[in-house]
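Each of the next two complexes has chain A plus one more chain, namely chain B in the first and chain C in the second.
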Partner chain A sequence: MKFTVKQADLLKATSHVQSIVERKTTVPILSNVKMTVSDGKLILHATDMEIELAETIDVEVEEEGTATTPAHTLYEIVKKLPSSEDIEFTLTENQIDLKAGRSRFSLSILASDEFPVLKQNEYTGSFEIDTESVSYLINKSRFAISTEETRYYLNGIYMHASDNDTEDNKVLRVVATDGHRLARVEVELPEGAENLQGIIVPRKTVHEIFKLSENFEGNIKISFNETLIKFEMGSITITSKLIDGSFPDYQRVIPKNNNKLLELEAVSFAKSVDRVSTVSLDRSRAIKLEIQDNQLTLVANSVSNNQAEEDMEVTWENGEEFSIGFNGKYLLDIINQIEDETVQITFGQSTEPAILRDVSDDSLLYVLMPMRV
Partner chain B sequence: MEKIEKNEQLGLSLFFPADYHEDSFIVSSFNHMAVKTLEAYPNKWNRNTLIIYGSNGSGKTHLLRSLVMKHQPYFMSFDHNYAGNYMQMIGENELIIIENIHDVFKNSNLTEEDLFHILNYILEKNKHIILTANKPVLEWGLALPDLLSRLNSSAIVKIDNPPDEILLQIFSKQLSDMGLFLTPRLLEYVSVRMDMSFLCVQKLSSEINTLCTTQQKPITLNIIKDALTNISDS
Partner chain C sequence: MLRLLPKNLINQISAGEVVERPASVVKELVENSLDAGATSIHIIIRDGGKSYISITDNGKGLCKDDLHLAVQRHATSKLPNDDLFDINTMGFRGEALPSIASVSRFTLTSKQDTSSEAWQLTINGGTQEEIIPATLQQGTRIEVKDLFYNTPARLKFLKADTTEQTHILDIIRRLSQSFIKVDFSLSDDKRSLFTTKGQQTHGQQPHTLQDQDQDPIFADQELMLARLSQTIGKDFPENSLPIYHKSDDIFIKGFISIPTYNRKDSRQQFFYVNNRPMKDKQLFGAVRRAYRGYIYHDRFPILAIFIEVNNRNVDMNVHPAKTEVRFRYQQQIQSALVSAIRHTLAQSTFEVSTTVNAQAISMLEKEEPQSQSYSQSQSYSQHLSPKASLITRNHFEPMQVNANEFNLVNPDTGEVLPPTSQPTSQGTSESESESELTRESYPLGMAKAQLHKTYIISQTSESIIITDQHSAHERITYETLKDNMAKNQIKGQLLLVPDVVQLLEEELALILKQAKKLEQLGLVIEKFSHNSLLVRQTPALLGEVDSQGLIADLLSGLTEWGDCDILQEKLSAVVHRMACHGSVRAGKILNIEEMNNLLRTMENTPKSAQCIHGRPTYVKLELKQIEKLFGR
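Right after this comes the complex of A and B.
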């Protein structure tokens, strides 16, 4: 195997690859990237056995072949080489040699035929969706994905075709929850996604797709079956196992009868929450919201007796005095997703979940459990 | 300035759909008769109405979901807007199921007369109906003699209280449906401290689910202790 590749092309591809490859693994071959050269193309494969990335780039081929070499080391080398240089790769019997300008490197190799591939079953459905929609669905929901590993059903986003709330439109809906808050985001249902009955896409895959979508324009083709999901984004294909489990019936935790409506200016509210939280940096980050006569008072204090209070004007149609506690970080996570000037919060009782919405965007809905304060 | 005295994050009431696969269903002497009766549908049924009763959590729903779904039953449900249109609801369906019939009267405007008409219609059209309840017919509080008589002439199967060993398997399954797993040591701890009843299994698994969600933790000894305390206080 012998080929020459542009530094910029290889840097971009290896940056995607190194994100997939785990830094610590007990299986040596999983630290490697597989390189396959043929027909003027280099295909890079990386996997952690749960997610697999394949990326194709143009190269000048002198001799076709395949090899695997440490992914992170390759990335670090390519990153440090001048962008003006072409890099020449030559596979020898025991190593792979890189030459760029006056720099020379030799990297270890492992047998290519030992490189694992995800078993591909036939896909039962596929659809195309614009990158902006994918990015939106992920960006607005991923903060609510659980990081607690035992209840692994929650370690991803639940994606399915659904009716919207008013049942006048079909939507592609994404839901994430960690048991304290829940994010529900939707976009118009792409053609072909009608039979997407509910799959759980793992957290790592979600983050990788989001990162890739930031630098990709055009449509993404998504294929799925009961165990796998595949994202085709131009020269990049990501295939991922799905989480094998049942996502909770999220509709049951969305309150139907919250009737105390609070409307307030989102940016000011976020800044106030952030300021007041400064004194409650313990694990709970508790903040109390006291509302009366169109005025909201945010109160926080800590075990070490630090205290903070801040008032702001709000619209409170209920009229009655009401107070409720929240984790300040959770509040900020949600308010930061609101793009309208106004955030709308509806409450039930002070121990019941609140609903937070963007006034001008029906496709976003957040549920937040309060704190007993 | 008011001081916040204590902080406790509350959790969402996450409800996990139960696993109703046939291979996850536990068959033993306590539910053997119900299983045999449902497996015999429709050829060996000599009554049009079957009543299955057993306490909450005894597996009635699981039993139906795993054994009769292949017959494409129609689950008939009622609310306060029920307009007496049972013929239209039943339509061409051959097997009708009304779950938790003991609750239906208080949660809808279905009357005893309505149920009597439904049973008569089933009989007349030679269709079949399964009613599930958590107690025997005599304890449903019915007043209409004709309905009582009709129900008492139905095939009636009771799901008994299972042996402790089976109950603990059911307890583990309910937790597993919620994505939670008990180590053998924790199971042993809880088994000598809980009431051996379906009701306790249901309450305890639900409380453990709530605590694990709230604390974002797997099941620990402390969570088991708190759950046992909370259900005994409630």
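Right after this comes the complex of A and C.
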């Protein structure tokens, strides 16, 4: 195997690769990237046994072949080489030699035929969707993904085809929750996605796809079956296992009868929440919202005996006195997703979930469970 | 074909329950002696009691006619009213003598106190021989030879002689702690293994933490402490505190160790219910609960606790060896014990174990660093677990006094002075101002220097004190946070979807009983079906909670200890982490004002003698001990 590749091309590809490859692994070959050279192309394969990435780049081939070598080391080397240089790879018996300008490196190799491959079975459906939609769906929901590993079925986003709330339109919907808050985001249903019954895409895959979508334009082709999802983004293909579990019936926890409407200015609300939660150092970050006569008072106190209060003007149609407690960090996470100037919060009782929405974007819906404070 | 088993076989079966090893023989026979009103009991063993055990007492003895009856099954003099629920004696089952006699070569010699003749009865493996006249001055002597010679299976299971001997020692020690007016001695052929000094000879008063002029808080307190110093160790009196509780139904007395005087297991925890040694896990649990916050969870205080309850409220007949007990008012006993211990501990805000201090001193000695502190009660050295002492010693390993490493801090400027200016000697401090002297009457003294940016050296009129700045400050921060947390309500995060937790029906009933208490800690649960419950709210401090795991932990705590402390501990762990982050680290240079302020705050903070892990926060080196080092 012998080929020459442009530094810039290889840097982009290896940066995608190193993000998939785990830094610490008990299976040595998993820290390697597999390189396959044929037909004027280099294909890089990386996997952590859950996600598999394949990326194709153009190279100048002198001799075809395949080899695996440590992914992170390769990435670090390529990153430090001058971008003007071409890099020449030569596979010898025990190693791969790299030559670029006046630098020479030799990297260890492991047998290519031992490199694990995700078992692919036939995809039962596929659709094309624009990158912005994918990035929007992920970006607005991923903060709510649970990190508690015993509830593995919440460690990802739930994706499915659905009617929208008014049932006049079909949507592709994404839901994420950690049991304390819930995010529901939707876009118009792409053609071909009608039979997407409901799959759970793991957190790591969600983050990887989001990173890749930031530098990609055009359409993403998504294929799926009961156990796998495949994203094709130009020269990059990501295949991921799905989480094998059943996502809770999220519709049931979205309150239907919240009738106390609070409207307030999102940016200054976020700043106020941030300011008052300064005093609470602990994880609970409890904040109390006291509302009366179009005035909202935010109150926070902490185990260190610190206190903070702040008033702000709001629109409170109900007029009655109402108070409710929330985790300040959860509140901030949600408000930060709202792009309109105004955020709408509807309450039921003070021990019941509240709904937060963007006034001008009804494809976003957030549910937040209160705290007893 | 059914048939009744021969009497001898029945006795052997019974022996299987009661007589497990030589130590059980000793236990049964010594208890008999105690029931006979003996004030002096001598035990001789050979080969760990396997080949020979003899027990001689000065009790009231048996008459000739009773000798035969004594070795009959279920023959006893101890249930005068035929009432199993009014047991005032150590024994009552009437099983011990026939059982022992059926598995050994057994000789019973006794002289009733009202009679002038002594008689002897020999039984070989259950076969009685003629009663013959014998000579004995007083009381009863029982000799048990070749235990289990006719039950080879049981014989095979006996452990090494030293192990069996340890078990016997343990039994004698336990009994001698509760019968403080009885003299015990144990010896083998060669030497004495254990002797209690009788009350007549205990003239030397042990030094105690109590002030000399303070009245004892319960009768025989000094006697008890003198006995405990013989059984537990010479340093126990000066590191222990008396506890006392009296209500209508419950009377508790005893001695508990201060938190820094602890062990790595609970073998040094002795419980007595109506003078009977117990190994009851409910009582162990109550102690653990009482010491929570004082001692890290893998360390155990040393204590001897005597509980007296009306015989009607306790069932001793749970276990043939009578080491377990059933109380009628379990909860009340436990809470009385916890509050008695807490009450005492709360009064001792900052005392560090003298053994810790003694170890520190012995570290400074060049020769035989360990001999000084652990020379006491040689025969029990195995109980004083040299490993445990090594572990404690390790905390002090970095403590090498090296003059070159003194960072002297100028009290006015906070500057670190070069090591050439030596620390103030006693002489110069005497010449210092009056106020300096009065300030040295603070228990932790005035700060003089900081060593290795970690240890504060302070001086009182009689000692030098070394304080670990991080662990001391950590305790202070932790106590403040905990105080504030208790004042504020614990916040609960409601769950969007209640977690369903599957469990057994009896587990469900058990945990639902605690629902109110758990709600106060921020955990809200409710019954969902006959074998599942809903978790509606979790403590906000814990963040995202694995409900299934939390409930499982709570249940194991409930079955093990009967309380919900696990949740409390999880919350404390979070507060602990906050305290750790909010405290001065080792390696931070403090000026004199900061050091003194830390010492003064320690004096006013409960539990400040030990860090959150139960290790000492400071070591006190008595001037007297230091002078000894220099041969003054």
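Operating definition for what follows: the second predicted complex is superposed on the first by the 373 of 373 C-alpha atoms of A that agree within 3 Å, B and C clash if a C-alpha of one lies under 4 Å from a C-alpha of the other, contacts with A are read in each partner's own complex, and residues count from 1 in each chain.
Simple rule for what comes next: contacts are C-beta pairs under 8 Å (C-beta built on N, C-alpha and C of every residue); 3 or more make two chains touch, one makes a residue touch a chain.
Just so it is clear, the model here is predicted, and its values are computed rather than measured.
Q: Please determine, from the superposition on chain A, whether chain B and chain C clash or fit.
A: Here the two partners, once superposed via chain A, clash with each other.
Q: Output check: A:Y153 vs chain B and chain C. Expected answer is one of first, second, both, neither. What do you get?
A: A:Y153 contacts chain B only, not chain C.
Q: Between chain B and chain C, whom does A:S284 touch in the aligned arrangement: first, second, both, or neither?
A: After superposition on chain A, A:S284 lies in contact with both partners, chain B and chain C.
Q: If we overlay the two complexes on their shared chain A, which of chain B and chain C does A:D178 touch? Say first, second, both or neither.
A: A:D178 sits against chain B and chain C alike.
Q: By the touch definition at the top of the document, which applies to A:A300: first (chain B), second (chain C), both, or neither?
A: First partner only, chain B.
Q: Pick one for A:R102: touches chain B only (first), chain C only (second), both, or neither.
A: Neither chain B nor chain C is touched by A:R102.
Q: Report for A:K24: first if it touches chain B alone, second if chain C alone, otherwise both or neither.
A: neither
Q: Pick out the stretch of chain B that clashes with chain C after the overlay, from 6-14, 114-122, 132-140 or 150-158.
A: The answer is stretch 6-14.
Q: Can you list the residues of chain A that touch chain B in one structure and chain C in the other?
A: On chain A, the overlap between the chain B and chain C contacts is residues 146, 148, 150-151, 177-182, 248, 252-253, 284, 286, 301, 325, 327, 351, 353, 367, 369-373.
Q: For chain A, which residues count as touching chain B in their complex?
A: 146, 148, 150-154, 177-182, 245-246, 248-249, 252-253, 284, 286, 288, 299-301, 307, 309, 325, 327, 351, 353, 367, 369-373
Q: What part of chain A is in contact with chain C in the complex they form?
A: Result: residues 146-148, 150-151, 177-182, 248, 252-253, 281-284, 286, 301, 303-305, 325, 327, 351, 353, 367, 369-373 of chain A touch chain C.
Q: List the residues on chain C that touch chain A in their complex, please.
A: So the residues of chain C touching chain A come out as 480-481, 484-485, 488-489, 491-497, 499, 522, 537, 540-546, 548-549, 574-575, 578.
Q: Note which residues of chain B are touching chain A in the complex, please.
A: Per the stated touch rule, the residues are 1-17, 19, 177-181, 212-214, 216-218.
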